[in-house]
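Here the structure is laid out as structure tokens; the discussion comes afterwards.
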Amino acid sequence: MSEVKNFLYVNRKAPHGTIYALESLEVVLIGAAFEQDVALAFLDDGVFQLVKGWDTSELGVKNFQPAYTALGDYDISKVYVERESLEERGLTEDDLIEMTYEDEDDDWAEKSSIRIVSREEMAQIMRDSDVILSF
Amino acid sequence: MKLGICVLEGPYQHEASDTAYNFAVAALEKGHEIFRIFFYHDGVNNATRLMVPPQDDRHIQQRWSELAEKHDLDLVVCVAAAQRRGILDEDEMKRHGKDANNIAPGFRISGLGQLIEAEIECDRVVFFGD
Amino acid sequence: MAMLHTVNKSPYQCDTLESCLKHVGDGDVVLLIEDGVYAAMKGGKAAELIANANGVKICVLSADVKARGLEGKLIDGVEVVDYGGFVDLVVETDKTQAWL
Amino acid sequence: MSEVKNFLYVNRKAPHGTIYALESLEVVLIGAAFEQDVALAFLDDGVFQLVKGWDTSELGVKNFQPAYTALGDYDISKVYVERESLEERGLTEDDLIEMTYEDEDDDWAEKSSIRIVSREEMAQIMRDSDVILSF
Amino acid sequence: MAMLHTVNKSPYQCDTLESCLKHVGDGDVVLLIEDGVYAAMKGGKAAELIANANGVKICVLSADVKARGLEGKLIDGVEVVDYGGFVDLVVETDKTQAWL
Amino acid sequence: MKLGICVLEGPYQHEASDTAYNFAVAALEKGHEIFRIFFYHDGVNNATRLMVPPQDDRHIQQRWSELAEKHDLDLVVCVAAAQRRGILDEDEMKRHGKDANNIAPGFRISGLGQLIEAEIECDRVVFFGD
């Protein structure tokens, strides 16, 4: 387990309808303890996982949105969101939750983890990763 | 009105089981009778008493069992679907020579005829699935 | 005799709503639940489909709208109902078809 | 249980990918023992349930296609298949299995149970049924 | 470095194949499995999508084709592989992405 | 080559579990090593020894257990997913005060780290889900 691999978690499903979003997030949180290079990708309906303002009280399920916000504390600073997927859903970056990390190379300045990328860039991010975990 | 409910998906994996539960609660609050809730396909997995969800999350089996006790509901698990997926009561356990069973209080195992009967007896039957 | 149709799939992932709307009749009600509520978003893919659904009432389940952060993002004219309203729709219509 | 109701089983899913097709069929077979008026509807990907020539040996699952063919023995004679759903999939009636019943009003002549109907007719069939079982 | 993409949804029900094909690169392989094999049908909805997938090899899993009665109904040029061929594709490519 | 497999759906309900099994058999026949098969989401339901499928159908749990025994495979069931869904071994049973367990021979319950480890150790990991 000496070599560091580039992990990419690909999220393409809406939250709540199935458990895929929640149980994917649980892998990310556990995986953060391993010394690997981790990135998250949100495309297609996966971008709905980051739409802010969840109130799950009436539905009666746990609101796991705060866990996304906390990913910065787990040293996860690369969250790729596909622009075309947002646009097709009538969404902009303003509709998304804030996700930040502290940049150790820049005097621990707080920066946004979210990087809006084009579909072409997303395809390249997939190609450049060593392993892809699909949920 | 006399209502029936059919649940086709398992707990936690799919929202169908939550929607069905919330629908049932609302129907009872409105004074309707729930003739039967029928668990089919992976819906049978709602009936295992072995589940241990995280403390800060809902306990899907327990809330079904509690609702059944409070309102004297008939929660029926399809025997054929249950056998495939490993949901057994004591009778089924013995009949198939298994060493354990896992059905929760308030649920009973029976045949698909119970779903047909619900369709005949009820004014409405609502399906929740994938 | 009006029918209630429930649709629980995202319109981006599945064609369920489209198929449902091809089979509805005058006076029917379509209730969007679970991931189906994404169809009721302003500026979304299904907005036109819903705007053209003449003679059909479109409703969304409030619990699913709120859980997904979609309050304030819904198409005008779509009616928001809670679980009690869902029960009322089942009772007021003749029968319910789930478009699974 | 005196009144006879019109039962409509609506099948919209492809076989094998999920258990919906198989377990729907099991309800139909059990339900046939009750004295109700039963019809089956196949639309959208449900029409794939009737495409003939299944060979499930390599997949290693039970081939339940013969059970559809046997539905006539259970007095099920109304199998509605949506024309538009077939056409969109490049299918014609010739691609489907044979489903027959013996017509008691016509000297037990063997007749096809399959009735190709338009989308509009399918919508009317749904409206005219008393109960709809959706799988 | 080529990738293997698996697609297991019917193109009539879900947009998975379409999304996959928007993210493939030259030399990649798309393997249709489970209900995904319906995309390989001659005269079907996805036929054009597959015909336009330049630089990408499209394969289908034989067990799923046979189980659904689709032998003889496939688009020319789509390669049929068995489970052993699936394993070979996983090994020959750099990594596998499941488009769930 | 060293392969890993991740199964995200339950037996019978979804074909993913069949595809994963057939893929595993083919990989072993080709002489590859299977480092681990990780069961997550409803995939954990593959591991119950209580299932009783029809005689003329495949027995999904049994064939996993037999494959594991024959090839000394590491079948790992995610503990968090298993708890939610009621898949317990004897330790988990005791820890949670339950009166029965249902895990089948050849499966073991462990944490999500086992999936991460498989990703690190394997040349390829293939996911099967919905």
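First chain written, first letter: the chains are A, B, C, D, E and F, and each begins at residue 1.
Keep in mind that, in the parts below, a contact is a pair of C-beta atoms (placed from the backbone, for glycine too) under 8 Å apart; a residue touches a chain by one contact, two chains touch by 3 or more.
Computed from a predicted model, the values in this text were never measured in an experiment.
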- Message: Once the contact rule is applied, which chains count as partners of both chain A and chain B?
- Response: C, F
- Note on the structure: Hopping only between chains that touch, the fewest steps from chain D to chain F number 1
- Which chains share more C-beta contacts than any other pair? B-F
- Find the chain most remote from chain E, comparing centres computed as mean CA coordinates. B
- Item | Copies chain E and chain C - interface residue numbers shared by over half, same or different | same
- Note on the structure: Looking at Cα centroids only, farthest away from chain A lies chain D
- Counting in whole Å, what is the centre-to-centre distance of chain A and chain E, each centre being its mean C-alpha position? 27
- Query: Using the average of all C-alpha atoms in each chain as its centre, how far is it in Å between chain C and chain F?
  - Reply: 38
- Centroid spacing, where centroids are CA-atom means, of chain B and chain C in whole angstrom: 26
- Query: When the C-alpha atoms of chain C and chain E are each averaged to a single point, how far apart are the two points in Å?
  - Reply: 33
- For chain D, jot down the residues that touch at least 2 other chains. 13, 16-20, 44, 59-61, 131, 134-135
- Residues within chain C bordering two or more other chains: 8, 12-13, 15, 34-35, 63-64, 82, 95-96, 98, 100
- Which parts of chain F, given as residue numbers and ranges, touch two or more other chains? 8, 12-13, 15, 22, 41, 54, 57, 80, 125, 127, 129-130
- Just spell out which pairs of chains touch, all of them. A-B, A-C, A-E, A-F, B-C, B-D, B-F, C-D, C-E, D-E, D-F, E-F
- Query: Within the complex, which stretch of chain A touches chain F?
  - Reply: 1, 3, 5, 7, 18-20, 23, 26-27, 30-31, 33-34, 36, 131, 133-135
- Query: In the complex formed with chain B, which residues of chain A make contact?
  - Reply: 16-19, 59-62
- Message: Quick check on the complex: what are the chain B residues that touch chain D?
- Response: 6, 8, 40-41, 80-81, 111-113, 115-117, 119-121, 125, 127, 129-130
- Any idea which chain F residues touch chain B in the complex? 10-13, 41-42, 45, 48-54, 57, 61, 80, 83-88, 92-93, 96, 98, 100-102
- Query: What residues of chain A sit close enough to touch chain E in their complex?
  - Reply: 10, 12-13, 20, 43-44, 119, 122-123, 126-127, 129-132, 134-135
